[in-house]
Each structure stands twice: as C-alpha cells, then as structure tokens.
Amino acid sequence: MSNTLIEARRELALANRIVANEGVIDAFGHVSMRHPDNPNSYLLSRSRAPELVTSEDFIEYDINSQPLRDPGVGQYSERVIHGEIYKARPEVNSVCHHHCPAFMPLLATGTDYMPIFHLGAVGGIRPPFWDQRDEFGDTNMLVVKPEEGASLARALGKHWMVLMMRHGVTVAGTSVRDCVFRSVYSARNAEYQVRAMNIGSDIATLSPGETNLAGQISAKTTGLTRSWEYWSMRVANKDHSAADGSAKPASSKAKPARSKTKPKRAVRKRRR
Amino acid sequence: MSNTLIEARRELALANRIVANEGVIDAFGHVSMRHPDNPNSYLLSRSRAPELVTSEDFIEYDINSQPLRDPGVGQYSERVIHGEIYKARPEVNSVCHHHCPAFMPLLATGTDYMPIFHLGAVGGIRPPFWDQRDEFGDTNMLVVKPEEGASLARALGKHWMVLMMRHGVTVAGTSVRDCVFRSVYSARNAEYQVRAMNIGSDIATLSPGETNLAGQISAKTTGLTRSWEYWSMRVANKDHSAADGSAKPASSKAKPARSKTKPKRAVRKRRR
Amino acid sequence: MSNTLIEARRELALANRIVANEGVIDAFGHVSMRHPDNPNSYLLSRSRAPELVTSEDFIEYDINSQPLRDPGVGQYSERVIHGEIYKARPEVNSVCHHHCPAFMPLLATGTDYMPIFHLGAVGGIRPPFWDQRDEFGDTNMLVVKPEEGASLARALGKHWMVLMMRHGVTVAGTSVRDCVFRSVYSARNAEYQVRAMNIGSDIATLSPGETNLAGQISAKTTGLTRSWEYWSMRVANKDHSAADGSAKPASSKAKPARSKTKPKRAVRKRRR
Amino acid sequence: MSNTLIEARRELALANRIVANEGVIDAFGHVSMRHPDNPNSYLLSRSRAPELVTSEDFIEYDINSQPLRDPGVGQYSERVIHGEIYKARPEVNSVCHHHCPAFMPLLATGTDYMPIFHLGAVGGIRPPFWDQRDEFGDTNMLVVKPEEGASLARALGKHWMVLMMRHGVTVAGTSVRDCVFRSVYSARNAEYQVRAMNIGSDIATLSPGETNLAGQISAKTTGLTRSWEYWSMRVANKDHSAADGSAKPASSKAKPARSKTKPKRAVRKRRR
C-alpha cells in the first residue's frame, strides 16, 4: 500500500469520526473519498457506524460501486450514492451522506435552505431537492439501485449539496476536509435557520454576492486547518476518555434573492 | 440457569442501559423480555433506574405479572403493562415503556405520530392513542391494575406502539433488539416531526407504501446489527469513563394519507 | 457535631450537586435545609456554585437569615428567600431557588405552569406568580431584604412552587429529597409544556383530580429512592471522570380546569 | 516578561477556553485583552480554535492591529474588530467576538435583544445592530479592513454589545472576566428570549430601571468570582478527563420600554 493511500485512509477514518462526533451522523450515514491513486474507484467503510470506523475498515469500489475484491464483510447498501456522484462530477473527491437532525425540519416540509451567516454559505445558493418517489414511486427510501444513484447525482448537478425529501442530505467536496467542512457548517446553518424561522418568517439570508464570496472561505486552508484541528482534538479527547459525545447539526436549500437589495424575504416552500 | 437464559439476561440488561443512554428513559420506564424458555413468563428488572440495571436484577413474572417467587426487593408498580401485552400478543417478545421527552409534545396535544423519514417507519402507520381517563376516570396515571394493562393492550391492538395521553409511550418488538430499535428511532422521528411542525403545518410524511417498505428495515439484521454495535459502544465508553451521558429522544401516531399521491397534509389533532 | 447533622450535611451537599448536574441550576441558585436539630435555623452553603458545594461549606443561619457566627466567607445575598419560607411554613424542611432555562419561557410571558404528565404533578395545581416590581418597584431583581423574602413567602402560600417573573423559581419540599424531586420534575414538565405549546395551543393538562393523585407519588419512598439512586450515580460518575456535564430542565404554574371533564384547554396568560 | 503579563496571559487563555466550553464559541471567534502594561497594544491568540488556546499562543498587536514583531504563525483575519474597539473605547479592556448559536435567530431576523431575567441585563439596554452590507456592499462578511472595524466600533458606541447581522456578536468588557460574564449571560438570555418568543409575542422584559440596576451585578466581584470559579472548574474537569464538552448559548438587542409601567410588549423587528 502506498504511503499516500495509508495517509488517505487515516484521513478518511478521522473524517468519519468527526462527522459522527459533531452530530451530523449517528449509526447510519457514511463518508467516502475518491481513491487517491485511481480516480475510477473510491474508498468506503464496510457496514458499521461511522464513529467506529478505522483505517482498516475501507473497501475499494469501482465507479459502478462494485467491490474490487470480495470484502468478506457487510457492505453499505446505499453506496451508489457515492459512486454515481464520482462518475458525474470529476472534481468531487469526497461525498458524505447523512440524516442530520438539523436538516429534518427542512426535509419534512420542503423548505429551502438559506445561508443565514457566512459559514452557512458552504451550502451554496439554492441547493436542490430530490424526491425518490418522483421517479421511482413507493420504495423503502434507500438509494440502492444504480439508476436511483444516477437520478440523485443528476439532481445534485453542479451544486455541493442535495436535499433528499423524507430521507437525508448528500454533500460533495473537492477534498475530504472540504466535504466535512461543508457537511458540518451546512448542518449548523440549517439548525440556526430553523430556530430563526420559529420566531419570524422574514429571514435575512446572505445575498447571492455574499454567498459566493463567503462560500470561498472553505477553499482557503486557514479555515479548514483551524476547524480540522479543533474537530480532531474533540475526537481525540473523546477517545481518550472513552466518553460518550452528544451531537447536534443541520442544512438545506438557498433560494437566491430576486434582487440584490432585498435578500430578506419570507420563507418559501417548495412547489409540489 | 441455562446458557440461553444467561445470555438473555445480559442482552436485556444492555437493552435497559441503551435506551437510557440514548435518552429514551431516565429514572423511570423499563424494558422487559418474554422468558426465552417459558413463553408464559417474562423478565423485568427490580425497581431501579434502567441505566443501573445489571443481569442480576431481573425478576421472573408469570403472565399475570406475579413474581414466580418472592423477590425480596422493590418491584416496578406498572408491570401489568408488560404482562398484558405478552398475554395478548404471542409474537411480541419484548416491551419498552417510557416517557421520552421527544414524545411529550404529541402526548400533550393529541397530535398524530407521522413517520417523516425512513427510520421513523418503525413507529408504524397511525399508532393508536390510549387515555387512561376514558375508562378509569381520575387516577394517579400509573398503569397498575390488570384491567388497566389489559385496556392498554387492547388499544395497542396489532400495532407496535401505543401513545398514552399525559403519560408516555409503550413499544413492542419481536425481539429485544427490535424493540430497542423501534423505541429509539420512533423517538428520533417524534423529535424531528415536532421540530418540523414548528416551521410549518404541511408535513411531508411517508406514504403508507413507503412506511410499509421502510418499516421492514428493522426486521433485517443489517440495520439492527449496525445500530446495536454503535449503541453498545456508547454504553461501554460511558461505563469506562464513568461519565455522565446526556440524552434526547421521541415518537407518536401516524395517520395514513387518504390518497397515495398526497401524503403531504396538514397535521391533524386527535378528535376528542 | 451530631451524627444526624453530619449525615444531613452530606445529603444537602449531594442535593446541591444533583440539581446542578440535572441542569436546574448553574453558577447561581441554591438549595437549603432546615436544621435537623433546631427548627429555628437552617443550613445554606457559602457563596459558591452549587456544583462545587461540599459538606464543609454550610453556614448555619437563624430564622431571620443571620449567621449564628461570623462565617468568615462570602454569603449568598438572597438567603432571605429560604429564611422567610421556613418562618412561614413549619412543614417545609428544604428550599431550592433556581433560574432553570426550562422555566424561562413561562417567566418571560406570564404563562401558567401546567402538569402535562404524571411526574409534572409535583409542581402542584396552579402554582402562583410573584413579581418583585409589584410591591418594590424597580430593583436589581435580587431578593435580599427581609420584606422581599416575606412577600415571596406570602405569594407561595400553601403551594410548593412560586414563579418569580423575570427572575426564576423557588421550590419547597417536606425533605431535601422531596424538594429535589419537585425541582427536577417540575423543570422537566416545564420543558415539555413549552415544547408542546410550540405545536399547539390546546394542551391536555392533568385534571385537578389526576394532579392531586399523581402529586402524591413523590411522597412515597419508591419514586424518591429510585430517582435519588439514579441522580447520585450520575453525580458520582461525573466526579469519577471529572468530566463536564451538560444540563437541561424546567417548571411553572398549573391552572385547574374549570370542569373536571374538560382539562384540555387553550393556554391562558397571566392577567396583568 | 513581567509577572503581570504572565498572569494576564494565563487569564486570557482560560477566558478563551471558558467561552468555548460554555458554548459561546466553536472553531471560530476569539477573545482578546488590552495589554496590561501598554494601553496602545493588545493580546490576541494566533489563528486557532479558542478551546485550544494556551498562554503561549498570544501575539501582541499595536492599536492598528499590526503585530509588534513577525509572529511566524497564522493570524486571525478579523483582528481589527479588537483593535478598533480598543482605539475608540479607552475603558474597554477585553473584547469577545463570536457566532453563538443562541444569537442566530435574532441576527437572522433583526429581532431586538431583550433582557428577560436579571443576568441578561449584562447585554444592556437596546444593544445596536450593525450590517456590513450597509456601508461596504457585498463582502465575504469577514471584518478585515480597518475601516470595517472602525465602522463596527462606531455602531457599538457606548454599548457593551453590538449585533452583526448575518454574522455574529461582538462584546466588550472592562476586564477579561467582565467580558466573559457579559458574553455568557447575554447568550443565555438570548437563548431564553428566543424560546419565550416561541410561545408568545408578549415578552416581559426588564424595565430600563431594572436593567440598569441588575446590570451593575457584573461589576461586583461576588457574581464574577462565583461564576469564574464555576466555569474554571468545568474547564479543568474537562481537561482532566479529556472529554468532549457540548455547548449552548446566546444574546441580542434591548429596546427600552416607552413607559416605565409597560415594559411588557410585543417584540419589534428592526426597521430596514
């Protein structure tokens, strides 16, 4: 195994534990990365809660989400979410799928995600919704068939986040750290947005210009480095004490203001 | 004591600690199992907080909730909840009674439980309400008489969850792990449903078809195994550090949509 | 020092730490007990956060809230809350004053406390409000003068809890454990009531008959013993790991339903 | 290095960790202090999460927010927030900038902060709002240019807190402990205010007279000492167990009641 790969596996294991520790993921959900040496394959843990994942747990999948060799262990059923996005988006190198509590109010009401503070800009402008029922009718809601994964990837389009009605969220990133940063801060923003909506329907969202400018923060190493050090410390402290860690989180779908001067407006619901 | 029984007691003790650690239960509430060797009896802890229960704490009760021998320790007063459900439902092998905070808003307003994401389907379609006052007038709200337990079991009917107005929830399962899984994820769903209702009255609940299909997830070992490993690890970590664990949770009553194509609808309150 | 007194001090120190650990109290607030050997005096900690209080920290006060001897350390400024209640209510043997977050929405809106589940009955039927401004005009909101404490005690009357507008709550009990039980579960109930009010104005409160019957639960040793063992374990685990403990809690003012058959009704605000 | 400076650095490091541990700050945000020996300079950590800051991490900046010597490490980009406030307000000796979740609903809706209990008075009467967009148009929302910092300092005026629309909060204090006390309790108050607004629009805020009187509490050493001891213990316990600490908090903008006799009124939104 190349040193690059060893390091990549360590980073990905830590990413799994960070998103769990920060409350984005519980027993379900997963974080993957494109293989550092082979862009037509990706690494994803065997079937287990992300908080338990170690660098030994990763299985290598081809771009069609088939394991390169018999893993001999249980596999996540929803891995096509990852494979189909890697297929459609060459610049994406990491994917996180989760059911973060903070997003649930948006997913259960079809409410657009709105960046309400600078860090929430990582969710992008008006991230799209996807409803498995539209194309596939009644299912058990799991995204397991290649065509289901491909449909989700089409809905994602050029965005960094897609909201899955009555299910969860899928986040993409240019790197593992970018993906984790987007996952955590879009979840924080969704949490705050929902709490803001509880006291008023006029939400002062970032303007499209502000969203674009603030969204570039996560591309800079300063913010990524500072937050990664912080989240890693929190994981390490927890491991050390082997203590339980409570979690929170959130994110949704930003609708750009019609006019640059009126980014504050009533919350709109998804037309259906 | 048979090896089966020893193992069963260990599993049940862990189940008690898991539901406590995941915030479904605090000082009150309890989890029982049908006796593995004798379907006409069941195991329930002596009177103590579930988080403290060990495999030494279980008392064997007959189907009428009488101890097979003098236990010499304090007993839960509400054990007829368990006995009467085992009597009425041969396929039920585990029962959990709790007062999870997440359900309280539903129980205090008579609001139907709605599965709003796939894992919430374990609460089933339109779980029934039961109000002790209807049949028994003013009481101290505890279910202690055999006829009170039998009334509750009738209300449960063929469902897996019954909502007790101004009191709590009782959950049934085909096994201890199934019962724990239903208890935790119905509570998570109730939490999310309430938060969703805070920002809109149009809740996009699972359709009956989706609920049926997604509800079968918990019957498969994959999800049960993954979550059980996760929750067990959280209990073990806490024991190791002997640190306090904060808790959350919840669940309620799903009303099936009139039409398969319109599962999104305004929240209805219980007619009374 | 008598063995009774030594034991009483230990119990009171633990009570302070329990209410802190259960989120009823943070850096401010306090729990006292009537002196076991002298009903005209009471024990209250020197000025420090309740979570830090040990059995060495208690100062003995006479019924006028003057220390029996120069304590040589900082004292709580609001001790007349305790002294004036002991003076007015011979059957009260413990008092807890707190600013629990769960109650704040009720205290900031003048909303009546309603028992919405059996354990919430410990808050009693329609606990009264008290507003320092009514009698004393603009103050710094602290209850420091004997006449302020006496006014509060009059408002408490024969109840077990008084809600202090824009300030906090004071709870009385027949024993330290009774006072702690009432403090914790009234806080839990307030938390649930507020969350229920977020999704509907029709709250299904306990009827007066149910409240009276369920309110007697805390007088029985079973519930007190089970919860005390649980809360003590949580304090002990935390001490052992020396880990931080997050906290929550709450409680308020129950208005008895006009008619026994209609205890469900819209929430009423305090007339002012 | 003088003993005063050594002690000041220790105090400031602890302040950083306290505001993080109490949930006011996560990976971002910072606390500074005016240099104890040189009023024209101030101390601020190098770029890292406040929870990780030690007394070795501080960089000395001149009043124009330039480092006195090449620090050789990453620096916070928003340090002009601190420098410009020290320049404008000689009596301010400590500044905290944060994005506390509790404030987000106010910052996203332009809702005034209201002190709803005595400790919330530390946020002062009607703390002002500042919107970077008003003067600088679309930005990435970070306050990095001297003129941006100066604009913010003008908005702060003679208040102790300024609310930054779609961004966060900046708090000033006469000392590090005063600043921490104001930061924590204004955040607690914002949390409670938002929860109160969820159940009613009539909020019983402190009157201007009560706010002035209660606001002086933090100037007294009793409350500062008691809370500092408590918060320090919580940091120390966490360090000892190296366990993760969950966090909460909040604050906003108090509008003085028109009339002393009617401090209770409907919440007003910022005119825009």
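Here the chain labels run A, B, C and D in written order, and each chain numbers its own residues starting at 1.
Note that in this section a residue touches a chain if its C-beta (ideal position, glycine included) is under 8 Å from a C-beta of that chain, and two chains touch if they have at least 3 such contacts.
Remember, predicted model here, so these are calculated numbers, not experimental data.
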Far-end chain from chain D, centres as C-alpha averages: B
Inter-copy rotation, chain A to chain B, in degrees (Cα atoms; steps of 5): 90
Chain copies touching (chain B, chain C) - same or different residues, decided at half shared: different
Computed distance of Cα centres, chain D from chain A, in Å: 31
Inter-chain centre distance, chain A versus chain C - centres from mean C-alpha coordinates, in Å: 44
Set of chain A residues in contact with two or more other chains: 198, 238, 241, 243, 246
Contact set on chain B toward chain A in their complex: 21, 116-119, 188, 191-193, 195-196, 198-200, 202-207, 209-210, 213-214, 216-217, 222-223, 225-227, 229-231, 233-234, 236-238, 240-241, 243, 245-246, 248, 260, 264
Chain C-facing residues of chain B, complex: 26-28, 47-49, 51-52, 74, 77, 99, 101, 104-105, 107-111, 133, 137-142, 165-168, 194, 197-198, 238, 241-244, 246, 267, 269, 272
